[in-house]
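What follows is a set of structures to go through.
The same chain A turns up in both complexes below, where it pairs with chain B and then with chain C.
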Partner chain A sequence: MRGKQSSSNPICDGHRDEFGVGYAMQGIGYAMGPGPVLKVEDLRVSFSTRRGVGMAVNGVSFEVKKGETLGLVGESGCGKSTVALSIMKLLPRPPAKFEGGRVLFEGEDLMAMDEEEVRSYRGRHIGMIFQDPMSSLNPVYNINFQVAEPLRIHQGLRGSALVDQVVTLLRRMRIPAPENRARDYPHQFSGGMRQRVVGSIALSCEPELIIADEPTTALDATIQAQYLNLLRELQEDTGVAILLITHDFSVVAKMCHRVAVMYAGTIVETAEVETIFNNPAHPYTQALMAAVPDIAAWKGHLSPIDGSPPSIYETHRGCPFAPRCAVVQDRCREEAPPETQRAKEHGVRCWLHV
Partner chain B sequence: MAVSEGAIGLPRPQASRAQKALAFLRRAPHLPLLILVVYALVAVFGPWLASYDPTDIGDMNRHAPPMFVAGGSSAHVLGTDHLGRDVFSRLVYGARISLIIGVTATTMGAFLGTTLGLIAGYFGGWVGNLIMRVVDAMLAFPVLLLALVLAVTIGPSFATVILVLGILSWSGYARLVRGQVLTLRNKEFVLLAQIAGCSPWRIIVQHILPNVVSSIIVLATLQIPGVILAEASLSFLGAGIPPPNPSWGSMIAQGRTYVTTAWWTTLFPGVAIAGLVLSLNLLGDWLRDLWDPRIQGAHR
Partner chain C sequence: MLNGASSAAAPSEVGILKLQEVAKWYPIQKGIALKRTVGHVRAVDGVSLEVMHGETIGLVGESGCGKTTTGKLILRLEAPTGGQVFFEGLDLNRMSSAEVRDYRRKVQAVFQDPMASLSPRMKVGSIIAEPMIMNLGLPRNEILERVGAAMEAVGLDPSAAPMYPHEFSGGQRQRIAIARAISVNPKLLVLDEPVSSLDISIQAQVINLLKRIQEEHHLTYLLIAHNLGTVRYLTHRIAVMYLGQIVEEAPTEEFFNSPMHPYSKALLSAAMPIRPKDSREAIVLSGEVPSPANPPQGCRFHPRCPSAMPQCSRVAPTLRENAPDHMVSCHLYDG
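Up next is the complex of A and B:
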C-alpha cells in the first residue's frame, strides 16, 4: 500500500472543484478497511507543577480506522492537544507523566517502546500538523531542507532523488511553482502556503496516520476551506487516517467521519458525525450543539454553557460535567458514569443512558 | 488601481549627513573589513614594519614627540614613551599580542558559554539550574578580581591571560543563549524536527544553534574589545603580559600618568583599540544581517 506516489495522481491535475467534493463520496472506503490504525486505550497523563499534580488526560479511549477522519473536539484545556502529543510521546517529561494505558499503532504499543523505537515511528508512520504555521517552520532553513529532513532520516534519500521527492510533495500540496519555491525561506510564504508546506512534511514518508492539531485555526476562512479540501482529497487518494483536533464544528462537519467529544480529560461521547449533529446523547454535547450559532434561526443571542470547566488540579468525584449539567442527578455527583454503547459506533458516558 | 508608488509610499525620514555615512558603512562592510585586514597584516608582519625593537630603550630619549609635532623627528614616527621606547614599534608588536588575546579568549568564552547555554536552555532540569546559578555568581562577582587571583595563582604569562579571560567571559553567552533557547524550544518546528526523527543533539546543533548564532556573533564582536581592555587592566596590575612585552592595554596603562605632557603614549594605542572595536562592531552588524534570512535581499 505504501508504494511511491505517481506524479500523475489526480491531486496534481488541479482542475477539480475547490469546494465541491462531497463528504458522502468517501464514506464507503473507510468502513471496509481492516483493523484500526490507531487504538488508544485508557490513556492517562498527569502534569506535576507547583500547583500540584493535575490529571490532564484521565482514561481516554478511541480508535482511528484506515481512511477515516476522527474528530477530537472539546473546549480549550480539555486535554485534546495533550492526547495528540502523548501519542507521539512528545510531551516534555517532567512535568508530564504517563500514568497508564496503551497507544496501539497497528498493534504495537508506542507507550512500551523506548525513545529510539518511537523515533522510527514518528514522521515515518505518523505525521503531524500543528496549529501555528508561523512557528512550525525553522526560519533559518529553506523549504527544501525542511521537507527533505524526514526523507533523509527515514528513507535515506539523497541527491536528485531527494530533490525530486520534495518537489513532488510540494506539488501534491498544490504549492505553485514548487521547483522555485523550494529554495525560498518560510518568511517568503503566506500563512496558508506555510501550512501547506507543513502538510508536505507530514505527508513526506507516506504515513498511515496524520495527527492534525487545529490545522486551520490560524488561517482565514477561505484559506481554511481550501486547506481542508486538500487534506480530504489526499485522504481519498492515499487512505491515510486522520486524527483531527479542533473546537470548530464547521471543520468537524466538513472533515470528520466520526467524532469524539472530550471534556475535562475524558471522552464523554463518541459517535458518527451525523449522530453528533442530529442526535447527541450526552448533555455536554447537546449544550455544545446549542451553543453553535445558527444564522438561519438566529435568536439574537448566543447560548453559552454556564460555568467553566473544572481545573485539572481539583479532584472530583462523579461526573466532571455535573456542576454545569442542566439535567444533573444526585448520583452524578457521587459516581462517575461508565461508558455505555447506545448503538454501533455510539458510546456515551452519562447516567441518563445507563 | 492606478496609484503611483509615491502616493502610497511612506514618507522617508530625512537622514542627516552623518546618518547617511553610517548607513553606507553599515551596508558596505568593505571599510571595516579593510581595517581588520590591515590590523591582521600588521600583526603578522610586525617585525618587518617596526624600525626598533619594542623593548629597546635606545639612548634613553624619553618622551620624544611624534614627527609631525614641533620638536619631533622622523627617527621616532609616533614618538617615544617614558623609557625612550619607540611608540610605533610597540604599537606594531602589540597588535599581535592584543589581537591574539582578544580573538582567542573571546572564542574560548563564546564556545564554552554557548555550549553551556544550549544545554541549560534545552534540557533544563537541575543541570540547567546549576549552570545558571554559576552564571549568576559569575555576574555578581567582580570578574577582574577573580581574573587577578587566577592569573597570580597560575603565574602571569601569555597563555595564562588567554585562559583566564576566556574562562571568565563565558557567562554572558550562556545567559543570552539560554534565554533564546527557552523560547525556541517551544516553537513547533522543534516538535516537527523531533517528529522527523532528529535526536536531541541534532535538534540543538542543527535546528536551534543557527537561530542563535547571529546573537552570539554580535555579542562576541562586543566582547573582543572588552577582553582587550581586561588584559590591559591585568597588565596594569602586573598580572597580565609580563612587562617589557608590549600590548595596547599595557601601553595605555603605563602612559596614563603622563597623558598631559606626553599624550602620544596613550593616544595611539587608544586609537588602535578604537579602530578595532568600531570595525568589529560594524562587521558584526553586517554579519548578523547577512545571516538572518528574514532580512535577506536588503543588501542585494
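Up next is the complex of A and C:
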C-alpha cells in the first residue's frame, strides 16, 4: 500500500527539498537594462460588434524593463487582456481593430510588422502563459511534441539535442521525472503541472519577455504559491522581463516590481508596488485597496465601490471613473484628466493631482 | 467532541445542522457490460460538524478536498454513503415526503456562477417567484408583492422584474440568486463560492449584502470558499478540509491568530503576504494534493507536511479539542 502510494505520487516523496520550505520576500533585486524591453505607446484598440464600436483600450502607455515584472491590474472588462493580446497581435481582426499607437519590442514596432515578421517574435522573443493550461495545450499531442515545437521552428533543433533540451526545460520547471513525463499527454498532468509545461514552452527559446495573463488564477492556493516562487526564481536566473496580468492583489504583492492599474481601457495609475499598496494616489486604486478582504491587516469592514465599471460601448467625455468616484468634481465629468508625474515612476491620471 | 464545538463564539447555542461521521464515496467502475467496482473516490470521508442557529461557518480547502460535496450532502442533492445529516434534529435520509418539502424550503443555496444557476429563458421576476409558487402556495398578488420585497432587500430595483438575467451584470445576477434564495424565508443558506466569480469591487458589495441579509433575516450560513479573506470577513467559525476530512476547526479570529494544523498554516501563508516586501517567512508546500481515490496511509497530509514525524505515516490522527473550541487533527498536538 505504501509502496503503491509513493509510486503513484512521485512528487510527494524525495522532492521536498527542491522547493525549500520557505522563501524570503526580499532579494528580488532586479537588474536594470539600458532601454526597456517592451514599450507600449498610446495603444488604442476597438471592437466592432452588433452593439456598435467599443474602445476596449483607449490610449495605454507603459514600459517593461529587463529583469522587471510589471503588473497590469484591473477588473474584468477593463482591457488588460486586450492589451496583452494586442502586443502579440493575437486578436482576431475583425472584430478587433488597431486604432493607433506603437508597441516597441527592443525598439522594433510590432504594430508596423506583417504577420510573417510578428510570428518570428512569438515564442522566440516573447513567451506567453495564459490562464487555463488545458486550453493552451493541445490535447492530442504529447508534452514532448509541444515543448519541442518552438525549439524546432525557431532554433532548428533536431534529434537527440532536441530531446535533451526538452528534458532540461521540463526539469527547470521542476516537473518530476521529466524523461518519462515528456511522453505523457496534457490530461495526464494535474493543473499545476500543466501550467509548468506551459511555462516550459514559454521559456523554451529564452525569450526576453514573458506575457503572463492570469497564470495562477486557475490554480489552488498552495499550488499557486509554488508556481509564483518558480517564476520568480527563473526571472532571477535569466533576467527575463515579465508582463503579469492579474486581478489578484496578493499575486501583485508577491511578484511585481511596478504596477499599472487599468480602468475602462486606460491606465489610471502607474507606480512602484510599495507605492500602490501604501500610498495610492488615484481614487480608484484607493477604493480597490479598501475593497479587498485583506487578511493580514484586518480592518473589520469592507468598503465596496458602488455601481459597476462602464461598458466599452458607453462613451464618456470626462474621467471614466467619475460616476463611481467618491471625490468627483464637476470638471471630472467634462474633461478627461491628463497623466501627471507625482514622483519618479509614479504617474496618475486624476484631476486631484493636476 | 461535538459538544465541544457547541460552545463556540456563535450568536446562538441552538444547533440547526449536525453532520455525524458523514461520508460520500463514489465508486470507480471498470468494464462496459459487467461493471465492477475497482475502488472508491473518498470525496467526503468522515466529517462531523455542528452548525449553530444564526452563525456562519466557513468550509475552506483546495479543490477536491470535498467541501462542495459536503454542501451537496447538506442540500440533499447527494445521499451519504455513511453517517447522518440532521437538520433541526431530523435525519435527512429518514424524512417523510412532507418533511422533505419543508426542508427544501428551509434550506436554500447560492452557487458560484449566477449565469449557470439562473435560467436564461426566465424573467427575473419568475425566477424569484418560482420557489414561492412551489413551496408557499400563496395567491398571485401576494407573490408579486414578495418578489418586489425580495428584490428590494438585495438592492435591486423591483421594476427590473420583467428583464432577463443576461441584461444584468455579474454582481446583480448574484443578487438575483440571493433574492430567490431568501424569498421563501429559509433558515439555512448554503453559499458555495458566492463571490468567487465576481470582480473585487463587486465582491465587497455582495459580501456586505450577505452580511446584512443574515442579520435582517436571522439566517444561518454555511459558506464554502477558498478565499480566506472572504471567509474571515463573513464567518464566525472555520473548518479546514483536506482530502475529505476536517483537519482543523476553530472560531474565525482564533484560527487566523493561531492556526495549529501545518496545512492551515500553509494555506494562510499562501494567502498572507498581501503587502509587498513582507518579511514573513512564507511556507510553500511541496507536491500536490494526492488523489482521494487512494489517500495516503496515516495522516493524509503527511507526504506534504513540513513537520511530518515517523508515526504520521502509520497512525491517522483524530480531530480533538486542543484549546477551548479549537479542534485539530494532528500528531504534533498529541499528549
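Note that in this section the second predicted complex is superposed on the first by the 317 of 354 C-alpha atoms of A that agree within 3 Å, B and C clash if a C-alpha of one lies under 4 Å from a C-alpha of the other, contacts with A are read in each partner's own complex, and residues count from 1 in each chain.
As a working rule, contacts are C-beta pairs under 8 Å (C-beta built on N, C-alpha and C of every residue); 3 or more make two chains touch, one makes a residue touch a chain.
Just so it is clear, the model here is predicted, and its values are computed rather than measured.
Taking chain A as the reference chain, the count of touched residues is higher for C when chain B and chain C are set side by side.
Once chain A of one complex is fitted onto chain A of the other, the partner contacts of A:162 are absent, as it touches neither chain B nor chain C.
In the superposition on chain A, A:225 makes contact with chain C only, while chain B stays out of contact range. Of the two partner chains placed around the shared chain by superposition, neither chain B nor chain C is touched by A:53. Judged by the touch definition given at the top, the superposed model places A:250 against chain C, while chain B stays out of reach. Residue contacts after overlaying the shared chain place A:122 against chain B, while chain C stays out of touching range. Contacts of A:328 after superposition: neither chain B nor chain C is touched. No residue of chain A lies in contact with both chain B in one complex and chain C in the other.
The touching residues of chain A, counted against chain B in their complex, run 85, 88, 90, 119-120, 122-124, 126-128, 130-132, 135-142, 146, 149-150, 153-154, 185, 187, 198, 201. Interface residues of chain A facing chain C in the complex, by the touch rule stated above, are 1-2, 4-5, 8-9, 11-13, 15-16, 18-26, 75-76, 190, 192-193, 220-226, 229, 247, 249-250, 252-254, 256, 273-274, 277-278, 287-288, 291-298, 302-306, 308-309. Chain C makes touch with chain A in their complex at residues 62-63, 169, 171-172, 199-205, 207-208, 226-230, 232-233, 256, 266-291, 294, 296-297, 303-304, 306, 313.
Looking at the complex, you find that chain B touches chain A at residues 187-189, 191-199, 207, 210-211, 291, 293-294, 296.
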